[in-house]
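Before we start, here is the structure in question, set down as structure tokens.
Here the chain labels run A, B, C, D, E and F in written order, and each chain numbers its own residues starting at 1.
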Amino acid sequence: MAEFFHMGGYGAYVWAAYAVFAIVLVADALTPLWQRRRTLHDIAARLRRESTRDGARKNRAPTTQDPTA
Amino acid sequence: MKPGTTSAACAALLRRDLALIWRRRGDALNPLLFAVIVVALFPFALGPEAQVLERIAAGTIFVAVLLASLLSLDNLFRSDLDDGSLEQLVLSPHPLSLLLACKIAVHWLTTALPLIAIAPLLSVFLHLPDTVLPVLLGTLALATPLLSLIGAICVALTAGMRRSGMLLTLIVLPLIVPVLIFGAGACNAAQAGLPYGAPLLWLGAWLTLALVLAPLATAAALKISLT
Amino acid sequence: MNPLVLWFHKLGSPPYFYRLAGRFQPWLYALALITGAVGLYGGLFIAPADYQQGDSFRMIYVHVPCAWMSLFVYVFMAANAFVALVWRIKLSETLAMASAPIGAAFTFITLVTGSLWGKPMWGTWWTWDARLTSELVLLFLYLGVIGLYHAIEDTRQAARAAAFLALIGVVNLPIVHYSVVWWNTLHQAQTVSLMGQSKISSSMLWPLLTMAFATHVYFFASLLARSRAALLALESGKDWVREIALRESAQEARAHG
Amino acid sequence: MPAIDLVDTPPLLAAHCLAYARNEEPIFGPLDFSLAAGEVVLIEGDNGSGKTTLLKVLSGLLEPTSGEVLLNGVHLTLAKLSHQVALLGHLAGIKMELSTLQNLRFAVGLGGIRPGITPPLALASVGLAGYEDQPVRLLSAGQKKRVALARLLLVPAALWLLDEPYANLDREGIELVNRLLTTHAQRGGAALITSHGAYAYTSGTPRKIALNPGTGNRESAIGPKSTPTKDASA
Amino acid sequence: MPAIDLVDTPPLLAAHCLAYARNEEPIFGPLDFSLAAGEVVLIEGDNGSGKTTLLKVLSGLLEPTSGEVLLNGVHLTLAKLSHQVALLGHLAGIKMELSTLQNLRFAVGLGGIRPGITPPLALASVGLAGYEDQPVRLLSAGQKKRVALARLLLVPAALWLLDEPYANLDREGIELVNRLLTTHAQRGGAALITSHGAYAYTSGTPRKIALNPGTGNRESAIGPKSTPTKDASA
Amino acid sequence: MKPGTTSAACAALLRRDLALIWRRRGDALNPLLFAVIVVALFPFALGPEAQVLERIAAGTIFVAVLLASLLSLDNLFRSDLDDGSLEQLVLSPHPLSLLLACKIAVHWLTTALPLIAIAPLLSVFLHLPDTVLPVLLGTLALATPLLSLIGAICVALTAGMRRSGMLLTLIVLPLIVPVLIFGAGACNAAQAGLPYGAPLLWLGAWLTLALVLAPLATAAALKISLT
């Protein structure tokens, strides 16, 4: 087993290469998940904010049409 | 009520841009200073050995000229964008590519030409052999318009953003690597006593192509990044 | 209408694509993982050591598939960029922009693993060889496309600008490659081509091909995931996205108590 | 190049179902309106209701999300727009470094000139006689605005799109704008101007387009109204 | 640090023979005026008469050519000025990239805070509730102005110098400014505002300082006048 | 009604500047890219021979890092000046030099530190011997804060002008040539197997001095150029 990891003296290089391969691709796979979560978060926050905005507007200008959103 | 002719518009644009540069002639010298400074830093950084400096002279001058004209490219549309003039250009009834070609020409005349003029001085700093100087000037004369034209496309792409700054350098880099290789390569070949005609011919061919296509591409890119 | 055209039309509709991609995506990830595991097992355990390079040659199983992918992804991106610019199809913009970071990742892996391979083989991390240099320029092109895309405010405009750049890059890559070849052979010949013609035995070959397949499948899985995330951001004002957002935030609220 | 003397062609500008959304968020909602030659219409709306955005769409700088714009009955494209529309936005396309006269000369070179007027005359008629050689940078906020107004006088555009033309101007300047608008309308031009209702265009038939703030005003109130609003300083 | 509750100290701000010349060209002429706590004074003048320049001098950004400025009876130096003056110029010192709330938080960190108010409260009271996380860049012209007004509410400065605070604001915004000014005056603050006379500050005792345009107004008319000008749209 | 404390003001400023850089984190990478690109241009210009590149490696990296941090210096006060924030800083009741020191610190952290981190990669490109790398990193760690501090004074002097751009480079140049000579000199000495302690000590001494004096000088210069 140790010999397997040793890779005939090239272990450091070989395993570093495989590690880079794994790390970069795992990071690449995780980014969309993270992006998706953040986007949905932002949208939910924006929806909340918009509702406070519309509320404030209604108080200021009672003549404006009721927003249908 | 009739709009003016296209040639009148180009003339007005050339006149205005030259007037602007004249108004800010201090700024117009900046690329020149930058190139001089980059070249002047190398003897300090590498030590004063003449053989080392001579070996890297042509390449360093090329890199300095290239960086100087790239950094000045950033201003090609910047101020026009900031004050709304670019919108007026896009909204004008004349072919945008022609108007942009005028702007590129002004840029080359006011930044690259002075750089070529000062190249002999730079080559003295770095002990470039006198025999190589004509080759250097020739390649610069072919390479700098190419840089202005290629650069203009990239600037147009980045025009939509505020402060594109060095992102521009990143985008331009892959496109100018061939220019650098052939330009500096010709000088290095001349210095080594090898034939240097082929790279010059290549540069000439590319320049002809770029003169036709780059203004069109620039206009297309600008329209993308403005709407 | 021709059913195929109709299907393409439907595919162009973001909510439909989102749902369809969501259905495919887990299967693609699973397939990539399995074939990848098989390929790596074959490469690390079954394939014999190279008679010339010893065990260091096992780097081939990550280096070469990624190198191939770095080129393949660029072609894919440029094709989508072309469609996006000419026909203004939103989905193509999304696909082009989603493939850029994946391509950059593969290019990066190629450069790093190549470097790691070069140190024991050539005694240096880096030389200015034609292929290596072209690959570096390719990385810069990818970074330029990504940088431009993120630097412009309006996402659709950004996608179009970046697509334009990607297309210019296609024209440029061969020019760079041949100029670098020419430049490299001017002074001296670098003795680089170690592996070019060495015949490869089938026990070495099949893991390589399996890995190549796995990376392709992975690319499409990642592409779908990225496109889905991007579509959510792009369509954030549409009702179907709002529904998803509200649903997820409600779930989260429940999960946190 | 088509002549633009179109006093009797029906609507100079017509918009059908025009809407704009930024990142899917509606900025102004489906709007229908038309503008005849000789008309000046005021776009009113609160802060953030999309007035500036509407003018940018009409000038072709932004692409509408839906709807269409017809100029003299033909579809509006960027190229067609060019010499029929003059936009005065927050950014006037004026070079701070150049003198007022140089700026106007350039505008004329680019856009052509109306018969019977010259750049110095235009400068004089906006009250900047004597400032011909002054770099624009050294002018005050209101004086800069006047330079932009002088450009409008020179360029042969039938449709003026003016974003808050009254802001930063003193009383005399406001009268100047009104005078310019009246003359332009009499000549067969038309103008859309935004304003917060403080200084309405007072002669002619001031019509208003109201933008409801933010709601994407799907059923916005459009139509001729006749009361100019002077009660702003309450 | 001195306390600034100075409701009964005689003049909050006094200027004697204040003049400013740029390159020997007089911009505004020797001015004498004083401003008591609780007072709001309007600076009126045509375009280019030097209103903006006067405010810059009073805030210490430009050095007057002659004359002196006393704040609470002491000579005005840059350092003393710092937390007693709040300037709202054309440039509001607001970062376009940051959200409205982040901008106000920074203003508070730099200048301190009035007791009894918080950044979100200030935002709400200028009508920007719900815009807390919006980058300022994405706001319309009038909304940006409101952010700048919110800063005034937060920072504990006794003297407000406002350059055209009404420009770009809708009718509601104008009322908002008037409300802010009244409250500030009642609290013992004072304010100098420039305006073209369109929207005068209407409550309290509106006094005006008139600058004669361009002439370097050596004998400028100063003193209390009582007619607010509402007849602007003529 | 009481103003906040000075430490609160500094904290607010640090927080805001970091938030701004985070918002524009793409831009923040620019100096890094610029340095990489400048270094990458040299092999193209000089040819791929390892011996040539090795000889010029340390000097070129030094010049590239220096240019990158100089060009980014231009933005140190630019945006604050453009939007009026700088006026607010000057008008604030807190010592201006302290506030400016915070800004300089943020600048160093966000531009020079990444440059140092990427220096090993740059040295691979130019075949810098592994033994010289630690010396290079050490000199960069001493030289870059010195550059930021000296640069800040010059930026403050040119703050009154719009687009000072490369004039800045000209003013800074004479001040940083000694830094370059000692920094690159130490690396070249190490590469040649000579002792290199003395120049490092000099750099350290200057840095200590600059840390104390530069913020004060910057504040004074800024006040001059704003009024």
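General observations
Just so it is clear, contacts are C-beta pairs under 8 Å (C-beta built on N, C-alpha and C of every residue); 3 or more make two chains touch, one makes a residue touch a chain.
None of the values given here were measured: they were computed from a predicted structure.
With contact taken as defined at the outset, chain B and chain E are each touched by D, F. Distance from chain B peaks, on a Cα-centroid basis, for E. Here A-C and B-C are compared, and the pair linked by more C-beta contacts is A-C.
Over half of the residue numbers found at the chain B and chain F interface occur in both copies, marking it as a same-residue contact. Chain A and chain D have Cα centroids separated by 44 Å.
Centroid to centroid, with C-alpha atoms defining each point, chain A and chain B lie 40 Å apart.
Touching of two or more other chains is recorded for residues 140, 143, 147, 151, 154, 183, 186-187, 236 of chain C. For chain F, the set of residues that touch two or more other chains comprises 26-27, 33, 37, 40, 44, 47.
In chain A, the residues that touch at least two other chains are 53, 61. On chain F, the positions that touch chain B within their shared complex are 26-27, 30-31, 33-34, 37-38, 40-42, 44-47, 52, 55-56, 58-60, 62-63, 66-67, 71, 75, 163, 165-167, 169-170, 173, 177, 180-181, 184-185, 188.
Note for the complex: chain C touches chain A at residues 29, 40, 44, 49, 54-56, 58-59, 62-63, 66, 101-102, 105, 108-109, 112-113, 116-117, 119-120, 218, 221-222, 225-226, 228-230, 232-233, 236, 241-242, 244-246, 248-249. Residues 45-49, 52, 90, 139-143, 145-146, 164, 167-175, 196-200, 202, 228, 230, 232-234 of chain E touch chain D in their complex. Per the touch definition, chain D reaches chain B in the complex via residues 1, 3-5, 59-63, 78-79, 81-83, 85, 87, 89, 91-98, 102, 105-115, 135, 156, 158. Only residues 124, 127, 129-134, 172 of chain E touch chain A when the two sit together in their complex.
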